[in-house]
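Below you'll find the structures, each written out as structure tokens.
The same chain A turns up in both complexes below, where it pairs with chain B and then with chain C.
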Partner chain A sequence: MSVSTKEKKTKTKALDDGGTPSLLGTVIKLILLGILAAGMLFAIMILIGNGSYFVAGLATLVTLVILFIYLRRGMLPAKYMIPGLIFMMIFQVYVAVYSGYIAFTNYGGGHIGSKSGAIEIMALTGQERVPESPELTIKILQSSDEIGMLALITQDDGVKAWEFGTNDSILSPEKVSGTFEEPVVDGYKILNFSEVVANQDAITQLKIPAGDEYPSAYVLTKDGSYAYFYQPTLAYDPETDTVTRVTDGMVFTDNADGNFQSATGEKLFPGWRADVGFANFIKAFTDERIRGPFLGVTLWTFAFAILSVLTTFAMGLGLALLFNDKTFRGRKIYRVAMILPYAFPGFLSAMIWRSMFNEKYGFINQVILGGVDIPWLSDAWLAKLAILFVNFWLGFPYMFLIVLGALQAIPEELMESAKIDGATPWQQLRLIKLPLLLVSVAPLLVTSFAFNFNNFTLIYLLTGGGPKNIDAGLNAGHTDILITLVYKLAFNAGEGSDFGLASAFSILIFFVVGTISYLGFRRSRTLEDMN
Partner chain B sequence: MEKEMTSEERKAYNAARKKLEAERKPTIGLQFKRHAWKHIIAIAVAIYAVFPLLYIFSASLNEGGTLTGSNSLFATIGIGNYADLFDNPQKPFANWFVNTLIVSGSTAIGSVFLSALAAYAFSRMRFKGRRAGLLTLILVQMFPQLLALVAIYALLSEIGQVFPWMGTGTHLGLILVYLGGALGANTYLMYGFFNTIPKELDEAAKIDGATHTQIFYGMILRLAAPILAVIGLLSFIGTSSDFLLANIILIKPEDKTLAVGLYSYVSDQFNQEWTVFAAGAVIAATPIVGLFLYLQRYIVSGLIGGAVKG
Partner chain C sequence: MTTPDFQRLLIELAIAGKSIPIQVLKGAPLKSTKRSLFALGAVAAASALVLSGCASTEETPTESAAPTQTVDATPLTVWSDEVEAPGLEAAAAQFEADTGIPVNLVVKTEVRNDFVAAPAAESPDVVLGAHDWLGELVSNGLLAPLELGDRAAGFVAGSINAFNYDGQQYGVPYTQENIALACTTEAMPSAPASFQDVVDAGLAISLNDGTGDPYHMYSLQTSFGATVFKQDETGSYTSELGMAGPEGLAFAQWLKDNANIFDLSNNGDIVKEQMLSGDKGCWITGPWNGAWFNENFGEDGWEIYTIPSAGGQPSVQFSGVRGVMLSANSQNAVAATKFIVDYLGGDAAQINLYESTGRIPSNLAALETAKDSKIAAGFGAAGANAQPMPAIPAMNSVWSFWGSTEVAIIKGDGDPATLWTKMVEDINAAIAG
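After this line comes the complex of A and B, so read on.
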């Protein structure tokens, strides 16, 4: 007996391992793995070439794990999960963790790159003409692939001579031959006036290192005829880690918050990404002009999500009760008409309603209300009402569909026996239909809440979060919900994008959504279903 | 049936039959009267549901019209707006349309495939951490990817510095980001459907010598094909409606998707090209609405199962 059980066990196990693979399957698998390995090897080499050793190591590790899992027998579940898992780990889990990291930095406009990058940019952007330096007469030259400059420079012996330079090589007389009147550089052709005009953009971008006489300076031209020596106004000293402004001698030191700062408090831009600890969170909770709007946005987000679910559910329920009647003729046609708002792409609906609500020319004010000037989208409360109204239009068909489906799933015998027992229609609805309905619909209501909680498309395309809250210390409007606020903080041009603060808000929203969904799902049966 | 019936019995029988028939098959007028209030409500709701769509369709036919001009429905009819739509190099509608098809199509196919793989493992295999895995999926599903928008943008621009063909500004980068949300969005739903396919079929196939790949591709995927199509379609619609990620990741006008591109028509205050936008909206919406209505029945079953349309 024990032998046969054992045999059976091995046999079942072999089956679970997936049986004997076919030759074709094995060949396809090896080819795919080969392509993957080759691609990863290529990527890893580029990464090493770029000096990103950590990422390169990570990529190597992941590749090895993948090869290990697919090349050996067994571990079948892993073979099926890995493709999706990798995407999920990078673009859902890792980015969430990364948001957590960004929330503790000052990443954003003015603090984008590294410190060395910031120093480089400062050296490039602030520039002034070197005092008492001469004006240079120049000629522009062109080879097959670049533009160069001949400049008439006074030599050590006081005689003027032509020197040649390009963006990559300093000015020097070495390559110049020919006569003083007609200098020649091998491989280059001197441009005439019309050719200079045609190459204007490339010529104004010429930036030729000046050489020994002015070591940190370079030669720039605006017109292709005359050029001048320029030097950076900010000089970085690596030994003391300070920046000195050439014009007035002001010294700027690293303030540990991602900027060089002077003793008088003046900051140099750009700064760089630096860890700022809890500063963003502290700002969100203590700065009066941020806390107030943030609280307002949070409350409105909840109000919007809850009211959206309630209103659409009430309408959907009412319609479904109306339509769940087999003797009611024409319900199929009505049904098609009613689900059209749901079938229509949501982003287009939001844009269409935005124009219909237009204060001066919109369909609602001009036609339906007969020519009034109601500021639907520019008054704080009316805009909120308009949003709820549009979301009602967008959402009731969905509720109608799911409630109707759930109603039709309630066994008819149940209702029959209730009728025979003398239950009134109201009792049938309240005591039988609704409870049964809620069991199957409740998880979908939670999902709907979560969806509306982050319904970026509707709010952003309908009102853009506006009207703007002018008292707020950040770019928040009266109809902004949390996700649109995060977006505007991070990406709205002109307002000084603040990735750090935006991420701090994201993290707070993560916690809110997580808690609510957990409570919601715990009450519903979703979690009990799993076995 | 009624072999011998007295005339009285016959009378009573006929009367009863008439009454029954009347109940079963009332005339249209009678029917309407009985349900009059229901019809009134239904007609009102239907008008409410349809008029914005009629309005946009009317506007799209109103040549060279402004927002004000669009207020009288179907006053003028012409196809000039449709022609203008395809004749504007600054707003290349044809490109947007193709881009949307490419991005949303790849995302739909990829995400159905990825989640079908995982759902198969959850449904057919028993392994350590299976329950925890399912729980994690539900948890992940609760956290919309959108919330990490800053990190997604930062990550893609860092990737773009090393591999420019998959960083910000590329369709591939956007598709990869969308695929990241695939497992969380669809696996649990598919897992439910795979569970309804009897396991005995697998057992039989195994005994006949089928490998797990043959069972998956040859049997499970084929049996679940209708529901996979619906999930794919919903994923397509959801992806093509995304504004946020497409807006921050795609940069050049000719790379944009419909959602981002069409917004540039209405984002200015005066809606100067309103009727051209209307034509674009009609073209963008028609295939989706058509598919939706055509597959209505299946889509509803998918929705009740918990799928989400954006």
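After this line comes the complex of A and C, so read on.
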């Protein structure tokens, strides 16, 4: 059945030599490459500006490789392969490697940023406005080398007057001259708002000692128009890498798990992303809340995936055999109708089925069954049945399509000689059609199993994993499969999402699906060898 | 866009080499063109990230905090939902006219999740959201504190306090909302004297297709004295469950005894049909359905009442406050702070937001203009008891256990006291992590 390899070789060789490209083709190629190069140059400039030198270098390298391959004659296989390879690196390899890395960190709620970012935030939040202190109207001033602040201060006699201060000097009226409406400080220029915005980093770092009235306090502004007296509540010491709470003197040290923690176990937030080794994997296996429902959920996941493949394949096979019969009238119309469930987006179907299964108001109970109250989605077993049914409805057209295609590839002569040898239709199916079919269809059954093993959309939209299993400590339901359980666990945790744990689980699920797929593919290769 | 503009932009980019620093030129074209230019830059940047196969999440905020002294008009990016975005346009235009800084209003359907997931470099400057996000956002270090100063006096005190977390103010509120009892005048011409009256008139409470709705059910639960978390003397929520004691068990028992009131098959759409057909006369719902009532029953065809007590004590609802917050990753914090405090926090912008969203204002001047609105005044009065929904991170662990346990009790899946006790244990275990 295969194309002669000799013929293939000569063809490849001819193409490899490149032939003579047409002028138009060359022009179009150059324009496209030019656009690509321009776009990449723009991107690389932005990346360098952001300080992402590694990414910029990578982008440069990729661009050069692309240009080299397409501008050179020959190298035809590379010309076909390179776009696919690049997209595979981005969408498959990178994502997989990144998830693998995340699984060994505590990335998630409370641990999103870096340590320096967390310290920076604590500097912002670790201070409070001095109670009962006044609001100050201010102006920002700039000299050749520093920023200063003019603040409107109520004097002892109750009259308001401008006072001037910088990072090094407390607010005082000494340097201020000019009128109340137009105060002047020698050597300094009052900034307008766009100049304030242009110097915002320096202005937000302006920390003027408050003087005698509020001894430990300082004056800060956040918008360049108003300033307030602040006092610190947390103090970070870079030398010892500790944070001290001013109010009670409690010292917090880096606990190596992405938090500053006190001797009493109290943690400061935000934390930061830290490498935690195998902690996520250990948690996945030892957490009481996971272990409880884990067995039931795993069994149901396998049952769901296997039954989904079997039922849809059986239906697809039956229909394909029926429609492959040339004496069948109106085949084309039926075929189109068959494919419709497959043509609708799966999530839409799931949501429509959900409302059709509604216990009191759903179409199935109200119209088809004439007003009964069958708890399709709130009874543990019925909900499982409903899910299998909907997946059956969604999946059989696919099986129908691939089986029909495979059936048509079976040579007529085989069936005819079988008939002459006196084989019954059942024998023809069992001994000739099915083995030949499985050669081409078995790998697709394996991928279908892998797909259903992680069929998050259907479960999430149809039942949300419910009805709840009231015995399970974790919020697991009777129809949860592994991936929806992981979702509930990783994204409903105390402080929000736990990407690290979710990644660890995805890796574990990958190993399960990977092992089964490997065994499945090996088995289908045996089938191939038999023929 | 004219060609010279574009050339200048490219030159500037080449000089500055920054992440999309766009100088808006004098006599610049329409806003939409500016946005498309911005989008072009963003697309290029995004594709660069994608093409090079690496994200910028590695960056720390400090590293990306490169100063932008040479460029004085880095635009502010504001994330909001689609309802509030139109109400921000006037303030954004005013801000641009006064300061020359353009404001990009970006509508997001998943503001909270996107904001948490966004890498520092892609974080917006300003974000509009609900006060109960604070726990998550603050513990992730995503918000910078604001200081309202004397302008706080222009707001309903409770709304300002809702945005106070761990002693810091993180937002300027613009609306607060709470649920109440909305009845057709046909079914309930005057305020109901007892909970039984409401049941007799046909009480609807949406249970989200049987997944439960503890948010609405809370107004019944609190009438048994079972608050979700205990409050300390300052009114802040602690992470100790208030519904663990006998009050919670009493509510669980009541739920079982009155299971027939609740319809596990319904959802918001079904309840609307039941209200229209007259099957149900009263619905425990919030101001977001006020416009629907006005449309279908007319201003005089429905009334808003306080929810009568089911368990003997006054019914308390959750109140949710929405407001404007400042991202800790903003590279333009001074301009963003000014925009939030002086523009969005001002009376004019607050009135605009009220008029375009119809949501009950938190600003006193806006509240004054809203006092003739049936929805704003009615729900506001009925929610006099309302308590802010807890913002502490522990709250995330509560919702799903709470809802599914209530559903299990209504379905009769076991002894209510056992189920409720198990729920309390599960929630405590989840909070402990």
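What we mean here is this: the second predicted complex is superposed on the first by the 299 of 531 C-alpha atoms of A that agree within 3 Å, B and C clash if a C-alpha of one lies under 4 Å from a C-alpha of the other, contacts with A are read in each partner's own complex, and residues count from 1 in each chain.
Keep in mind that, in the parts below, contacts are C-beta pairs under 8 Å (C-beta built on N, C-alpha and C of every residue); 3 or more make two chains touch, one makes a residue touch a chain.
Only a predicted model underlies this, so the values are computations on that prediction, with no experimental measurement involved.
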Winner by number of chain A residues touched, once chain B and chain C are compared: B
First, second, both or neither for A:Phe269, with chain B first and chain C second: second
A:Glu120 touches, of chain B and chain C: first, second, both or neither? second
First (chain B), second (chain C), both or neither touched by A:Asp223: second
Contacts of A:Gly109 with chain B and chain C, given as first, second, both or neither: second
Chain B versus chain C as contact partner of A:Val197, first or second or both or neither: second
First, second, both or neither for A:Phe278, with chain B first and chain C second: neither
Touched partner set for A:Phe68, first chain B, second chain C, both or neither: neither
Which superposed partner A:Tyr53 touches (first chain B, second chain C, both, neither): neither
Contacts of A:Phe180 with chain B and chain C, given as first, second, both or neither: neither
Interface residues of chain A shared between complexes with chain B and chain C: 43, 46-47, 50, 52, 90, 94, 354-355, 358, 361-362
Chain A-facing residues of chain C, complex: 13-14, 16-20, 41, 44-45, 47-54, 56, 59-69, 71-73, 98-101, 116, 120-121, 135-136, 138-142, 144-147, 149-150, 166-168, 209-211, 263-266, 270, 328, 332-335, 337-338, 341-342, 393-394, 396-397, 400-401, 404-405, 407-408, 411, 413-414, 419, 422, 425-426, 429-433
Chain A-facing residues of chain B, complex: 28, 31-32, 34-35, 38-39, 41-43, 45-46, 48-50, 52-53, 55-56, 66-68, 70-71, 114-115, 117-118, 120-121, 125, 127, 130-131, 133-135, 138-140, 142-155, 161-163, 176-177, 179-184, 187, 206-207, 209-214, 216, 237, 240-244, 248, 259, 262-263, 265-266, 271, 274, 277, 281, 284-285, 288-289, 292-293, 296, 300-301, 303-304, 306, 308-310
Chain C-touching residues of chain A, taken from the complex the two chains share: 39-40, 42-52, 54-56, 58-59, 62, 86, 89-90, 94, 109-110, 112-114, 116-118, 120-121, 124-125, 128-129, 135, 193-201, 203-204, 222-226, 228, 233, 269-270, 288-289, 354-355, 358-362, 377-378, 464, 466-468, 470, 473-475, 488, 492-497
Chain B partner contacts - residues on chain A that touch it in the complex: 15-16, 18-22, 25, 43, 46-47, 50, 52, 76-77, 80-81, 83-85, 87-88, 90-96, 98-99, 102, 107, 319, 322-323, 325, 327-331, 334, 336-349, 351-356, 358, 361-363, 366-367, 393, 397-398, 401-402, 405-406, 440, 443-444, 447, 450-451, 454, 456-457, 460-461, 483, 486-487, 490-491, 499, 502-503, 506, 509-510, 513-514, 517-518, 521, 526-527, 530
